[in-house]
Structures are given as C-alpha cells and as structure tokens.
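Here come two complexes built around chain A, the first alongside chain B, the second alongside chain C.
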Partner chain A sequence: MILAFSLTTLGQLTASGLALGCLYALIALGFVIILKANGILSLYQGGFLLLGAYLTYQLHAKWGVSFVLAVLAVVAGIALLGVALEFVVIRRLRGSAAEFAVVLVTIGLLLATQSLVAATWGYTPLNMDDPWGLKNVHLGSIAVSHRDIWVVGSTVVILAAFFVLFKYSRVGIAMRAVASDREAAYAQGISPNVVMGVSWAIAGILGALAGVAMGTAAAGGVTVGIDQAAFAALAPVIFGGLTSPAGAVIGGLVVGVAQLFAAGYAPESFGGGFSTVMPYIVLFVVLLIRPQGLLGKKQVRRA
Partner chain B sequence: MTVAPFLEIEKLGVQFGGIRALSDVSFICQRGELLAIIGPNGAGKSSLFNALTGVYPADGRITFDGRPLIGRRPAEIAHLGIARTFQNVGLFEPLSVLDNVLIGRHVLMRGGVAAGALWIGRAKREDRAARLHCHELLHLLDLRQYKDEPVRSLPFGIKKRVELARALAAEPSLLLLDEPVAGMNSDESRAISELVLRLWESMSLTIMLVEHDMPVVMSIAQNVLVLDFGKVIGYGAPDEIKRNPRVIEAYLGVADDTDSVVERSLHEALS
Partner chain C sequence: MSASTSIAAPAVAAELRLTRNWPQRAGVAVLFVAAIALPLVLSSGFWISVLTFAGISAVAAIGLNLLTGYAGELSIGHSFFVAVGAYSAVFFGGKHGQTLLVWLLAVAASGAAAGALLAPVALRIRGVYFVVVTIGLVFFGIYLFDNWNSLTGGPGGVGAALPLSLGPLDFRQLSLGGHTFTREQSFCVLAWLLVALALLVVKNISRSRAGRAMQATRDNDLAAEVVGISLFRVKAGAFIVSSAIAAVAGGLLAANIQYVIPDQFSLELSLQYLSILIVGGLASTYGPVIGALVVGGLPELLNRFGGSFPFVKENTAIAGGGWGLSTAQFTVFSYGMLLVLFLLIEPRGLAVLLERLYGTAAKVSGRRKLPPAFRLLRRRR
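Right, the complex of A and B next:
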C-alpha cells in the first residue's frame, strides 16, 4: 500500500481542518461560557445548532430573506431563546436540583428540539445553497473554498469581539468575576440572573452561527444530524480543560485538523465514517496524558 | 423628635445546626461612627458581618437607614450601600487590580447590559466615569503601579489594600472591615490604620471594624462592641472597655493558646 502523501494534500487537509476546527471552537466556547457562569454543563448546544441551521433555511431558502438578514434575525432570535430557556427552565432548578439533574434537563430540551425540528422540517436533508458560492481560492497548489475563508474569517472576528467584551465591558468583567468566585461576586452586587442570562444568550449566538455554517450545501446541507457536531465539540471542551475559553478554541482547532487528517489519511479498512470518531480519539489520548486538559487546572480537593 | 439610628440591630441570632453563632445581639451604630468589634476567636464577629450582608440567614431585626435587611440577598444589600472586606481577602484572583475595583463600582451603574456591551449611550458614559473614579481610588490608596497586575500575583498586604479600594469604589454609606491589618507587621498595620482613619474622615463614612490588633482598635475606634460566645459582653468607648471586668475576663480568663497574641496585645493596650 502506498500512502498518498504530498504537501498539497497536507495543506489542503489542514486548511479544511482549520475551518471545521473554527466551528468546533465556537460551539466549544458556548459550552465553556455556560459552564463558567452557571457552574453546570449544558448539553443543549446541539439544539442551538439545529435551530440556527433550520431557521436560517426557513427564512433564506423558503421565504427569500437575504442570507445576511436571515442570519442576523436568527442569531438575535436564538439569543433570546437562550435567555428564555435559562429564565423559564434552568433558573427554576437552580439551588434546588442536583447539578446532574440540570444536565439531564438540558439533554431533555435537546431531544425535544430534535423532535420538533424533525416534525416541522422532516428528515430529508434540505438545501439552503451556498451563500458564499462554491468557488475556490488558490494559494499555490492548495485550493481553499470561499466558504472556508468566510468561516475562518468570521470566527476570528467573533472571537475578537468576545475577547474585547470579556476584557472590557461591565458584564464581561462581571462574568469573569463570577467564574473566579461565584459567592464573592454576588456579594459584590453582581446579579446572578444577568450573568446567567447573558451566558445563555452568548452560547446561543455561537451555536446558531456554527449551525448556519454547517448547514450550507458545501458542508452537507441542513440535516437533523447537525447537532452531532455539538457532541464532537465536547471533545475540545474537555481537551481545553473545561473552563478555559482559550483552551476550548485551541482544542477546537486541533480536533478539527485531526478529524480532517483522519478523513484524508486513514486507510480504507478503517471504514468510511472513521474520521467522525477522531474527536473522541483525540480526547481519549489527551485525557490519558493530561487528565486536567490542556489549559485546565488540577483540582485540589480537601480530604 | 429623635432621629432613627443609622444601623439598628435587635435580638440578632445566627444558628448553624445546633451551634448558636450569635444570640440576642443588640446594638446601634450611628451615622459617621467608627465602631470596632472585638472578641476572642469564635466569638461571632465574622458571623455578625455575614448576617449583616445577607450571607448567613439570621433571625431578629436589622434596620439600616430605615430599611429592614434580614431576608435580603447579598447583592441587594450591596446595592443598599453596604460594602465589606474579608478576613482572608475575597478578591477575584485571576482578574487585574483595576477590574477588581471596577466590580466594586458596578453596583452604582444603571446602564443596560446590551448598551454596555455595545459601548453606547448612558452605559458608555457611566463606564468612562467609573474608570476615572477607580483610577482616582487606586491613586489614593497608592495602588496605581499594580493596576494591570492580576491580583493573585500580589503580596497579601497589597491585596488587603486592593480589597479596601474595591469596597470604597461602591461609595458605601456603611463600610465593614474584617481584620484589615491581620497578618501585617506593625509598620504596615500602622499605615493601614492611618489610611482607614484618613478615609473615614475625608469620605464621611460609617465604619464597622473587626480587629484583633488592640492598639489599632483602641487608637482609632470611637466605640467598641465586645462579643464572646456569640453574645454582647461589653459596649462603650475604648477607655471604658479597657476597664470592663467582663471583657478583661473574656480575654484573660481563658487559657487558650490561640488567643495568646490577642491577650498579649490587650495586656499591652491595658497597661
């Protein structure tokens, strides 16, 4: 067997892997932000992905709203949905229910969303075209699709915006304070309701944007399986150390590239779907070597 | 007509399971007063602060500036104008000194979350004003050089000052200081007590101060409240407290190693 190895293939796979990794990074960041602000792991990220993709499809492909307007409207709507979910469901459980019960509730919400989406739009993959076109840009011998450039570019802009928000804005500083010491933050007059609501809105925005990017034709169209990416994005979350936003972003990129390498280089005998298992393999290896994750801190428990 | 007291505490009690941390504590703190709270370890001094700030559930009555406090959440109480520092420093360790102080200021800001995030309108003006005010405070407390350092990298004495700056940033009408000079040498503690005194005078604050350092307490407090086993055993001007037999007994009567430092300092203060 000759391994088809060339620099062109390597570059090609890396470029596509980074684009996929950017999407993982956005989704992973959503997990981390809710975890840091609320102290619970919400598994609802997949729901935001589904709704982001399907609602954009509805507005753009069915009702003819321009793509940019459709995305802006959907993102705003899903931010509100995030706030509403936190306000109506999660908040009632806070303090009274066990942490794990809240995690289970988020899974329940995800299942409900999946059913709702399937009942409304069916199981057939839907096409919302490629707003970025299907053209490629050639960097030397490497062809990079417009979509990938848009995905990477928007991710950089979004990450920069959130960085500035967390660094300088009042709510951002408050969120970092809550992440550092929840009780002390509340004692300073920081409203837990605002911080938690905002964290859900941000997670919703990030998930919806990733969902839209994953629902374009080049990425495989709008399918009910889109939410699987959210589970794959748990790998970078844990890889990065659960509560490290930077770790989640780096983890997303690493997992994305690893997945594309697996798609390109794994022998056929591994089976066609092998690359989709790759995030979990990366996760497994990282946890064996560094159980606290890449940028996580070792938890010291008092005996 | 008599003026209602600034802070009135009536029959305050705090209970943890079977342990009564505070029982039947009643006293008054007038506006502008500097009241020290002393007592041996475990006397309930910090519990009193925690009850006041809504951290511990309590029974009895606390009236602050005409409003009842019992049953309110810590955030609400912070918004009413009570700020505190903690015995072991309750700062946000990964955040910078400036960010920590800004958080103290947040209780005074009214602009919306979205407006703040988008840096527009009232929230923007408020944010500018807040940063300006915090810079002034850092200057006042001689902390400017540490502005952008994460708090976790600073020595304990500096952290204590940062915490004081954060509490002052809220422009509180009542400031609760929990052992501001603990763990400091005598030079540092003199500097901090002079600073507290200076701030108290220049900002017309009302201060309640828990402190073990008797020379500090006796030199700056107007009145002293003495707690022992969760009960008030003495209240009065420092000179009266020094002569109060129950106070002397509480401090000197128990042969407890953990309080030997306190005993020694009280001895020094009394002699």
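Right, the complex of A and C next:
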C-alpha cells in the first residue's frame, strides 16, 4: 500500500474540504444559535436543509423561476417556517417540559418531513439546474469548482453579516443578553419570545442556504440523504464548544477538511463510507480529549 | 424546586414493592398467562406476527425506559445496540450453533460490553452531549456493520438460522398436550416470555438502591451527588443494562426475521422505540408494553391495511395514481407525528390513562403536570 503523497492532492483535498467545511459551519451555526438562545438542541436543521434544496429545485428547475429569485423566495419561506415551528410547537414545550421534549419533537418532525419529501420527490437524485453546474477553474494544478468558490465566498459574506448583526444590531444584542442571563434580559424589557423566534428564523435561513449548496450538481444533486449533513454538523457544534459561534465555524472547517482527507487518504481496508463517518470520529475523539470543546468553558455547576 | 416531600412513607414503601396488593398480583398473573396463551389460540398468522413484532420492540423499549425514563438520559442510538445484539446472535447462535440459552446470554453480554465501552465517551459531561453521541453511534454502526463482511455479509445482509430450543421446549414448534404449534406461534411465546423477563428486571432495578439512585440523578443531579451518589457510575450502570436488554431485542429480531441487514438499524428504528416509550408512558412499568402494543405492530399493520388510506400508495416507484406515501414512509411519518402529538397533548402517555382508571394517579396532580421524568428534567440555571 503506497500512500501517494503529492502537494496537488493535498491542495485539492484541502480546497474541497474547506468548501464542505463552510457548509458545515453554516449548519452548525444554526444549531448553536438555538442552543444559545434557550439552551435547547433542535434537530430540525436537517429538515431545513431538505426543504431548502427541494423547494429550490421545484421553483427553479421545475417552474422556471430564476435561480436567484428562487433561492431568495425559498430562504424567506423557510425563515417563516422556522418562526412558525417555534411558535406553534416548540413554544408550547418550552415552559413545562425539558430540552428532552424538544429533541424528541424535532427529530420526530425531521423524520416526518423526510418521509413527506421522499414521497413527493422520490429517492432518485434530481438536477437542481444550478448556474454553476460542473464547471471548474484551475488554480495552478488544483481544480476548484465554480460552485465551491461561490460556497466559500457566500459563506464568508453570510458569516460576516451574521457576526455584525450579532455584535451591533439591536436584536443581536438582545440575543446575546438572553444567552448570558435570561432573567436579567427579561427585566431589561427584552422579550425572550422574540429572541427565540428570530433565532429559529436565522437557523432556518442558514439551513436552507446550506441545503441549496448541498443540492447543487457539483455536490451530487438533490437527494433525500442531504439531511445527513445536519447530523454530521453536530460534530463541529461539539468541537466548537456547544454555544460558541466562532467555535462552530472553526469546527466546521476542521471537520470538513478531516472528512475530505479521510476520503483521499484512508487506506482501502477502512472500507466504503469511512469518510462519511469521519465527523462522528472527530466527535468521539473531542469528547474523550476535550469534552468542553475548543472555545467552550468548563462546566461549573452552582446550586 | 420542591422535593417530593408530600409522599407519605407508606406510599413509598408500596412503590418499592414488586406488586402492591393481591388484586394487582392476580392481575399480573392473568396478564402473564394471557400473553403466553394468546399466540397459541390465535389462528391468523398475520396477527401473530403483529404480536411478535410488538413483543420484540417492547423488549427494546423496556430497556430504553431504564435509561431514558429512570436515569434521565435520552438515547437516539438505541438501534445501534439492537444491531450489536442481532449480529452477536448471528455470531454465537448462527456461526457457532450455540443453544438458545447460551446465545441469548452471550448476546446480552455483548450488548453490555458495548455499553460499557461507550459509557466513558457518552457520559463524559451532562447535557445534550449524550444525545449527540447516540446519533453518531447510529451512523457509525451502519458503517461498521456494512464493512465487517466476515460477520455481517456486508450491506447485502446475512442469514440467521438460530437454534431455538431450551431444554424440552422447542420454540420452533412448541407442543402442548399432544398439539403442535406453528413456528410463528411458538416464537411469539418466546418473545413475550422475554418481555416478561425484561419487565421484571427493570422493575426490580427501579425499586432497588441503584434504581432509586438513577431516579435521584435524573431528578436533581446536584442533590444526588451531595448525598454521595456517583453520577457516572449510576448512569453508566443504566446505560449498560439498557444496552444489554436492547441487544436481547436485537437477537430476537434476528431470530424472527432470520436475516439481518445493516440498514435495518437506522435512526428510524430508534425513533420507533422512542415513540413507543412516549406513547406508552415514560418511567412507568407497563408503559413500554402498552406503547409497543399500539405502535410496535404499526409497520406490519400498515403493510396490510395501509392501502385503505387514500394517501398511502402501495408502491411510489410506479408513476401515476397521484401523490402518496409508501407504507414504509407512512410508518415513519406516524412515529414522528405520534411523538409530537403525545408530547404536546399528554406527555405522560397512555399509561397515565390506565392508572387513572386504576385509581392510583396522584389526586393532587393537575392535568398539565408533567411526569417526574419530564418535570425534573426541566432546564436549571
């Protein structure tokens, strides 16, 4: 078994890994925002991914709406769906039951969504007919797909917008206030309900965008399996320290690159599908070595 | 949070007993005899198979109840331990031809070993980590069993012809008073015998010192630690026993279908156990059994009767006939929706309705009050 090591392969894998990592970062950020706002884990991110990809396919490839318009409409629709889910279902669980109930309800909704999507669009990969297609550019000897460049570029823009919003906008400051001390924020006149609604909307937007990118032709088309990326993105959430947005982004990049390296360098004896479980291996290792995550604080419990 | 100081000492003593009084003892005996006799008097192969599947998922849900209901750790990865059980049954019973008793014990031991191996990772810190690890386990498990060709036959699966005789009892063809029963009937009896055994084990643990410790860590982990309970040891113990019981369910599943495929052990299977638990009643003795009778036979029932729903199609691969879910999709959809509806409307599950009939539901409990497992898992700051 010879490990063909070349700088080209390394660069190629790193570039693709960073593009995948950007998507993980977006999805992970969606988890983190809801975790930060109320300390609850919502597993519905995968549902946002699925709906984002399939609705864009329906609008653009089927009904001929222009791609940009379709994506904007889908993102707006899914943001509304997020708010509606929070308002109709999650809020009713919030006062009484635990984070437990939310996890259960969101996984129930996710798998129900998955079966509805599969029933509507079937299991065969669909072509979203995205503007990037399979075109590549060559940077030296490394081939980078147009789609990857767009993914990295738009992720940078989205993340910048997100951090500015989080840091300076009224609603962002309210979100941070609720995250740091719920009662004190409430006493200052910040409505936790608004914060929860906004965080679900943002999680929906991030999930939908990641879903569109996951469903492009260069990524293998729109399939029912794309919601698995949402489970894989739990690894960067833990890696980053559960409630740290910056940690989630770094975690996403690390996990994305690790996954591509596993795909490129793992010996054949590791078997098929090793790269797809790489995120979980990272997860298990992080929990063994540094359970509080990269930027997480050690848990200190006071009565 | 107020402790349950209102419970009088005699009530606690009654709770600690296996059965409370003679009527209840008689009731348990009648139910036990009914569970064993029902498969023998049913003549329809279909209903026997519904009952068998319900029994097998009841075993898994009873194990999950120990971990999630009593010890308060939500597992979405129970299907992984069911898979461990199914494949160790293939190994010990199929490949090495061990007898029923031996392979069942070996299967339980493998499940326990898998739980013990993973406990240090899964229970490292409290909170949502456990949930995330168990999700990871499901995907890791499918990868592992897909590639472990020598044992599992890869993604295509492996046959499982398991020995099913226990001394004079042969669970492929039970004979009683000169009458020989079919394989389906006999296996159904075996499944429900193991349901009874699992119930007894979990009930006895829950009323033992270890079980009280589990409930203490669930209700208030800080207070539990202060009185000298080791959180890790208690939760790891629950995890190990629960994994062992799940593995036994996996062994039964393999023996029943006589074929094991890695894809069977997906998140959807875990979702089935969770919805059984919530529909039946979390942290209640008979909840998982009630839930399994309602939810556990659902795949079989929908396979047979799903066609009578207008939105369920026999085969979605065939074009035309309008929009519809396949029976498999509708099954998963039902699990999810049952979970959501019960958590929103009656998080205590069907068990509480039965308890109300029995008249033991605490009179003070308001309609909206949550079961201890939920009330006390509420977020603390």
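In this section, the second predicted complex is superposed on the first by the 299 of 303 C-alpha atoms of A that agree within 3 Å, B and C clash if a C-alpha of one lies under 4 Å from a C-alpha of the other, contacts with A are read in each partner's own complex, and residues count from 1 in each chain.
The criterion applied here is as follows: a contact is a pair of C-beta atoms (placed from the backbone, for glycine too) under 8 Å apart; a residue touches a chain by one contact, two chains touch by 3 or more.
For clarity, every value in this text was computed on a predicted model and none was experimentally measured.
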- Message: For A:Ala184 in the superposed arrangement: first (chain B), second (chain C), both or neither?
- Response: first
- Item | Touching partner for A:Val194 - first (chain B), second (chain C), both, neither | first
- Task: Could you say whether A:Arg170 touches chain B, chain C, both of them, or neither, answering first, second, both or neither?
- Result: first
- Which partner, once the models are overlaid, touches more of chain A's residues, chain C or chain B? C
- Enumerate the contact residues on chain C facing chain A in the complex. 74, 76, 120-122, 124-129, 131-133, 135-137, 139-140, 143, 146-147, 222, 267-268, 271, 274-275, 278, 316-317, 323-326, 329-330, 332-333, 335-340, 343-344, 347, 368, 370, 374-375, 377-379, 381
- Inside the complex, what are the residues of chain A that reach chain C? 35, 39-41, 43, 89, 92-93, 96-101, 103-105, 107-112, 114-116, 118-120, 122, 182, 228, 231, 234-235, 237-238, 242, 270-274, 276-277, 279-281, 283-284, 287-288, 291-292, 299, 301, 303
- Residues of chain B defined as touching chain A within the complex: 53, 55, 73-75, 78-79, 84, 86, 90-95, 99-100, 102-104, 106-107, 109, 111, 113, 116-117, 119, 123, 127, 130, 166, 170
- Item | chain B contact footprint on chain A (complex, rising order) | 165, 169-174, 176-177, 180-181, 183-192, 194, 198
